[in-house]
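Starting off with a structure, shown below.
Labels run A, B, C and D following the written order; every chain starts at residue 1.
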Amino acid sequence: MADDPAKDTGPVAPTGPGKTPASGQEAAPGKPAPPSGAAPVATPPARPAPKPAAGPPPPAVPTGPPDPPPPEGQSPPAFLAALASALPGSVTQLSYYVGDWTVIVPAAKILDIARYLRDAPEAAFDLCSDVTVTDWPPRPERFDVIYVLYSVRQRHRVRLKTKVALDQPVPSVTSIWPAANWLEREVFDMFGVMFTGHPDLRRILMPEDWQGHPQRKDYPLEGPGELLMENPIDWLKLRQSRDEADIE
Amino acid sequence: MTETRAGAVTPAVHHGAMFDTNELVLNMGPQHPSTHGVLRVVLRLDGEKVVDADVVIGYLHRGIEKLSENRNWTQIILLTDRMDYVAAATNNVGYCETVEKLLSIEVPRRARYVRTILCELQRIASHCLWLGTHAMDIGAMTVFLYAFRERELILDLFEEFCGARLTYNSMRIGGLPLDIPSGWDRKVLEFCRIMDSKILEYEELLTHNRIWLERTKGIGVIDGPEAVAIGLSGPALRGSGVPRDVRKDEPYAAYDELEFDVPIGAVGDTYDRYLVRMEEFRQSLRLIRQATEGLPEGPIVGKVPRLIKPPAGETYHAIESPKGELGYFIVSDGKSTNPYRFRVRPPSFCNLQGLPRLVRGHLVADVVALIGSLDIVLGEVDR
Amino acid sequence: MIDLFIIPLLKIAIVLNATLVGVTYMVLLERKVIAWAQSRLGPMRVGPHGILQPVADALKLMIKEDITPVRVDRWVFTAAPIISMVPALIVYAVIPFGPEVTLFGRQVTLYITDINVGLLYVVSVASVGVYGIILAGYASNSKYPLLASLRASAQLISYEVAVTLTLVSVILVAGTLSMVGIVRAQEEAGVWFAFIQPLAFGIFFIGGLAETNRAPFDLPEAEQELTGGFHTEYSGMRFALFFLAEYANVIVVSSVATTLFLGGWLRPFPSVDALAFLDIVPSWTWFLLKSFVFLYVFVWIRATLPRYRYDQLMRLGWKVLIPLAIVNLVVTGFIRLMVL
Amino acid sequence: MGEAIAFYTIAAFVLGFAVMVVSTKDTVHSVLFLVLDFLAVAALYVLLGAEFLAAIQVLVYAGGIVVLYLFVVMLVNLKGFPEENRDPHRRTKLGLGLAAAVVVELGAILAYDYARPVPQLADAAIPVVGNTEEVGWLLYTSYLIPFEIASMLLLVAMIGAIVLAKREL
């Protein structure tokens, strides 16, 4: 049922550089990306996008998760207080939602915080479960880099979150949690977030010669990506003629 | 690696082939009988000894994460089937529970029990497949067919429950699509009875088999802290003696109401990982028996809104899939009917990451044993 | 004239054809026995209970496209399957299927020839068979076959030592190298050599498994590791030759083991007169029956055991079997010296 | 008559294969011709009634030693860069020298033959049973010392090989 809107808004093309409708909000910051970004946000020539899934951009583009502060009476676990006092300025914000604690931290301090969280006995986060990214294109610091940590000894979880801009590199935590190696590679592959100090930052899931980072929100969902990115009107015409050919 | 297999052994390369200062590069996969799918491992060999390994994945990448951002919440259940396709029901459960967490829905007790039964059946099915292929990789082909014989019984049970044998799509957000068929619980118990003796049969063929011991003992030894550090989870981690099991540590479904033990290994070699999984067969049967016998009556679906549209927020929820910690990180923007971000923490992916560490210094034959002992499913690694 | 040419030629033709048919049915036997072990049915479609399956297999392999990869060493690539097949077949020249029998009023021996170095002939011909595998691996110009051929040659050379040493013990006991002579010696001794030389028998059997690349020593063609090993690049009839050679070798090892250790064509307990009624059964039947038992055990082992690893295999060969074989030989020699 | 035909045919094969061994470009082919050569020599032995020797020839040379040659040839790159040498005719000269040596040897043998008639090889003292026994008898009586020296040499070579191969031991 959610696919129904897909049919009328169809291609992502209208959100391309040519127009700036209300929904183009999402793509608008996406387009300036290639010139400034380290990795060009262009799909490879003559290679189809991963899936021809025609999905619409959300009706109104959100600028980030709410990150609600902990409710009254919900005191953060001890290690978070200890973290804030041990490394001043390391906790930008604390958030609590459906039972999960999230700490928003500055990207520059991520290594110190990671080391502290791993080594402090009351924290003891020895397992880096996951490293992932959420892309919020309208925001200047568009990527939320999220580290899902777990302590095997203490049996508790926390999420670290840091916000980075498009071409802002993040220090790699592979030296602290070797488990982050492939996870960071995947993030690099899918979002183009650079990790400094990563031993082997290559693409992992996409082919080596792939262009662009497919899980960014402004990555086209269908069609010959280059044409779509460069000249959406032509792409629309092509698509229309193809559809007509199908009907006949 | 740009070297192709055909061009690999020109006489000029021969020279490098076997002399200890030079190494032979062997491209194992993506088409290889024992890489369990389209995994490619580029081995640098000194003789038959593995000097280093590079794991190349992505041949089965279907973009499920991206795809899910453009499907509505219910449609995604079907996509999760395609990740770990030998344990589809577990994926369904993990996803549905994550969304339920976002929606703060209470799932009825009966549904949680049935989920537990399905998850554990699925664990047995997955372990059967693991046992069969692992034993096959080491050359014991009979175990493979025995294990598949029993897996067949589980698939029959699933077929009766949801009509499908591999990709079940057997969960709904808030509960189950339908109640269990009448008499199904009896058949499950009957299966448990059969399985009890079959496990003995497998163990008879392998556990004390001299060759099996020689092939698995001391292969790919990894101690607990290091296993945690390189991100192993599930039986691969428990084989190293770390008692980490999401079912115990962060109970979901009905695991907090049921009794079971978490087997752990002592040394952290391939044999320990094997023993852990063999014991998990028994623990799963124990769980299934308890859940089936104590199956509560009641509704099977909780209070789910007609249009599923979780409030804006994000959450991470992990369950214990047969391979390890299967986590879902889902972000909802509260406005659309699609998730804003859908991220899977695939256990196979994270376990496979440890392969180069495990194979270093072992022989080519051990590489296949180790791939088997990590129990990966490429559908999940590549997503 | 008849004795010199026609009868030997007839015998050769019969033995060769019987061997080839036997080999194809050995494949069927293996498939069936393994299927039963694995609670399956095995081939069922071609003929009743799949009895014509070998015919279908042979037909398929013969009409299949025979691919020669581009960068192989053509001559060697073509010669390799032949080199592995021929030794497996010519060994039958000295295998005694039975003693002399009277057929159409003519004394006919149930073996092609009986040379006085028969056993040595078997060993030396078998040692040439290894070239097929080495050359296949080399000529394929591909890495998996290369690794496999290295494994194969190391394996065959090591196990040949152990097997040959056990044969020497048998020779010491029998006092002859002739295959027929060895069976006669067992007849005279009134006991199968398997009971006199149990250790040699065991070592010979294990070594035989290893020399024929059978499970659990099937490393050169370890499908799960080396994707088929030395015959990775082969297809069609050339592949079939390797395949047949393996089974022909299995039959050779079974026949040789039967001859050396299980009294060849002799009935069970040849010295017990109470069992003399068993002599009604033709002698060659005993031979075939005993060989069949070996074949069955070969298949049974394949269905049961995992595969050894290369270094473990070499360790078993050099550190266990060869020392045991030497000890066995020395003890045998010593006893022999005492007795004489 | 038939024996003579067989002898000359086989001898032609022996020589032909020997020529192929030295003239083939591909080293592996060369080794293969060596195997064929050994097999042909074994055939000669059979013709002479020395079955034991023939079997041993096949077992040891064709089946054992040449396999090792093949190993070495397959593993070592023989298509490397041409050797640098100032004298391009170095090998030709060496070959001529060796050929001359062989001719001199043959001449010496012929001369020796003329000078002294061949002694009867089969000593009446040896209890002749079959040629296997005969070989064994000779080997452990008349030729005991060369035999033992040869086995000593092999032992030394083996230990040396193990020491070389197992450096890290």
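Just so it is clear, a residue touches a chain if its C-beta (ideal position, glycine included) is under 8 Å from a C-beta of that chain, and two chains touch if they have at least 3 such contacts.
Computed from a prediction, not measured in an experiment: that's the story for all the values here.
Most remote chain with respect to chain C, judged by CA-atom centres, is A.
Set side by side, B-C and A-B show the greater C-beta contact count at A-B.
The innermost chain, defined by the distance from its C-alpha mean to the mean of all protein C-alpha atoms, is B.
Annotation: 61 Å between the Cα-based centres of chain B and chain D. The geometric centre of chain B is 43 Å away from that of chain C, both derived from CA atoms.
Rounded to a whole number, the gap between the C-alpha centres of chain A and chain B is 26 angstrom. Note: centroid distance chain A to chain C, computed from Cα atoms, is 64 Å.
Of all residues in chain D, those that touch two or more other chains are 74.
Within chain B, the positions touching two or more other chains are listed as 17-18. Listed for chain C are residues 146, 150, each touching two or more other chains. Partner chain B is touched in their complex by these residues of chain A: 1-3, 6, 50-51, 53-56, 58-60, 62, 65-66, 68, 97-100, 102, 126-130, 132, 134-135, 146, 148, 152, 155, 157, 159, 177-183, 186, 190, 203-207, 214-215, 219, 221.
For chain D in complex with chain C, the touching residues are 26, 28-29, 32, 35, 39, 51-52, 54-56, 58-59, 62-64, 67-68, 70-71, 74, 130, 132. Listing the residues of chain C that touch chain D in their complex gives 73, 75-76, 115-117, 120-121, 123-128, 130-131, 134-135, 138, 146, 150, 153, 157, 160, 177.
Those residues of chain B that touch chain C in the shared complex are 5-10, 17-18, 24, 26-27, 32-34, 48, 135-142, 145-146, 149, 205-206, 209, 211-212, 214-215, 363-368. Within the complex formed with chain A, the chain B residues making contact are 57-58, 61-63, 65-67, 69-72, 75, 101-102, 104, 225, 228-231, 233, 242, 244, 249-250, 312-316, 318, 325, 327, 329, 331, 333-338, 340-341, 343, 345, 349-350, 352-353, 382-383.
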